[in-house]
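Chain naming follows the written order as A, B and C, and within any one chain the residues start at number 1.
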Amino acid sequence: MKYGLQFRDVFAAWESILEGVWITLLLSGVAMVGGLAIGVLCAAARVYGPGWLRRLVGAYVEVIRNTPLLVQLFLIFFGLPSLGLRLDGLTAAMIALVINLGAYTTEIVRAGLEAVPKAQIEAGHSLGLSGLQVFRYIVVFPALKAMFPALASQFVLMMLATSVVSQISVQDLFHAASIVQSRTFRDFEVYTVIGVLYLSLAFAFRGLFAVIYRLAFVQR
Amino acid sequence: MIREFGFIDVMYLVGAARWTLLLTVTAFAGASVLGLAIAIARILPFAPVRWIAAGYTHIVQGTPLLVWLFLIFFGLPLIGISVNPWLAAAVGFSVYGSAFLGEIWRGALVSIAKTQWEAGASLGLSMAEQLRYVIIPQSVRVAIPPTVGFLVQLIKNTSLAAVIGLVELTREGQLTAAGTYKPFAVYITVACIYFLMCFPLTQWSRSLERKLDVAR
Amino acid sequence: MSLVEIREISKSYGTVQVLKGVSLDVAKGEVVAVIGRSGSGKSTLLRCVNGLEVIQAGTIRVDGVQVNDPATDLRKLRQQVGIVFQSFNLFPHLSVCDNITLAPRVVKKQAPEQAREIARDVLRRVGLEGKLDAFPSQLSGGQQQRVAIARSLAMQPKLMLFDEVTSALDPELTGEVLKVLESVAQEGMTMILVTHEMGFARRFGSRVVFMHEGRIHEEGQAAAVLAEPQTPELKTFLSAVLH
């Protein structure tokens, strides 16, 4: 018997899918904003902070980058309640994603700050600029420009990685797939549609970041 | 029956890590073969081949690994291949890894100066011979640090195989957590085992990177 | 019959035309020195001869084989046409011996021992027989360039092209490379050299070709052309390089 692909039932469930898209976008947005904030703070601490703080931030970065996101998520969602901290799925997901992305952005931001040639900073100081002025006028712009492409691709990877939150029953796009699947029994078709949606989101994000990059950094 | 989370459970988890490592090795082997083909296809002087390889890379990198695992898990039976979680995971990770390795290795190949290709061509070497004897041996040095870095990503990502029911470290952790009601202790242990596998590789990758920078 | 026949060739990069109808014949055993300012098209001309650059018009024949014919097997042609580059382009991951024997082994299918013998022989000819197992990074620039010449010689080419082979070298190292070039010329090799070494061009170039803005502006017997330039462009060029 030949299996015929059939998408009608899958498309009929568009409302569940759309809700999933919304949750995925929400999680991605929170992760990007929160992760960037953590990344900037931690990178600053790592480059300009005292020794003990540098080591602390370094430990955070290493621990997060050398363990799976899924395990981090399980630890927060299933593990913390046994310490008396009970979180709903969406909150746990947001916390896990922000902590995870924060570690990666810390490294990217740090690399960006360190990419500004020492000679330029020295030139700024020798012109009589204060430390803050050197940072404001000499470091910020080239550093942002250097870190932007890496940040953008990390953000897209993060958007795709949010799919793991389905494993703690957060109703994101990937979770929507399993709902539609259980309703229609069209496994392959469901995951094809979901895959195409993720791909479209990824392209949309890449396009958006490319536009931002051009507006902010090109021809200046 | 609820049991305590004790030393024996820790040993079980450590034992389950071998499936994580085995899956990583399998996936790396599959991803290497596919990835090398992709990397070479992306630098060939035939535009359509380059476009196909680039399209493949963009599509695979633009879709979550979970989606690939499920597509393969549910898709292979449709073309008459019966799947178990191992086969689905091996194929899924190979596809996923090939896009990333292909990208890393393409970068290594294009980092070799064009004059090296020319020198080979001028001696009468064919394109394949230039690649085989001149370009690839030189790009290996450049490729190794990011490849080791990718291996860390692969180890961590194999945790997603738990979702299609493959019993590796994370899945074993889920089962142990359900059996002992000590999820915090269990997942901390699981995280530690992952860390012990990944961190040395991360450090190694970094030291290789530094050596390469010094050599340049 | 000429070994190299270049007829009315044109070459553009995008909208910039670098060769504008260049014709040149080189007889067997002849040594032709191509001189001219940077950007005059002289290196491009050289690279067209072994098919490294694609031309848009005209024809190039080497030993009767048309280089710019898509049906021509460039691999075969390049076994007969050696080229030595300004930046040596040795393979840094291979020893001197492997640099030299790679093409004989892979392309000509020579046995390793036989190829090694040839490597010894060509290294002797460039005065580096002791460096068989050294790596390029252990050699001086002049030595690297001599190995590059040896690598070309090992393929026993009918024609050798030299693209500013001394320009990347410190002045005190150019002498040893020029000496090797002289001995190769004395062995009867047909050579086309793009060079800034006017002294060398005068002594060994049986002919000098002066290129200017993508054309051959002036050519003739080396001594005559260099001593009595006919055009103001060549006069200007010579007075600039000789001082």
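The rule is short, and it goes like this: a residue touches a chain if its C-beta (ideal position, glycine included) is under 8 Å from a C-beta of that chain, and two chains touch if they have at least 3 such contacts.
Treat the numbers as computed from the prediction; the structure is a model and nothing was measured.
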> Going by C-alpha centres, which chain is most central here?
Replying inline: B
> Of all chain pairs, which one counts the most C-beta contacts?
Replying inline: A-B
> Using mean CA coordinates as chain centres, what's the subunit A-subunit C distance in Å?
Replying inline: 55
> Whole-Å distance, subunit B centre to subunit C centre, using C-alpha means?
Replying inline: 46
> Hey, how far is the Cα centre of subunit A from the one of subunit B, in Å?
Replying inline: 20
> Which of the residues in subunit B end up touching subunit A in this complex?
Replying inline: 59, 61-68, 70-71, 74-75, 78, 152, 156-157, 159-160, 162-163, 170, 173-174, 177, 181-184, 186-188, 190-191, 194-195, 198-199, 202
>> Which residues of subunit C touch subunit B once you look at their complex with the stated criterion?
In response: 50, 52, 74-76, 78-79, 81-83, 85, 87, 89-93, 102-103, 106-107, 151-152, 155
> Can you list the subunit A residues touching subunit B in their complex?
Replying inline: 3, 62-63, 65-72, 74-75, 78-83, 156, 160-161, 163-164, 166-167, 174, 177, 187-188, 191-192, 194-195, 198-199, 202-203
> Of all residues in subunit B, which touch subunit C in the complex?
Replying inline: 115-116, 118-126, 129, 133-134, 137-138
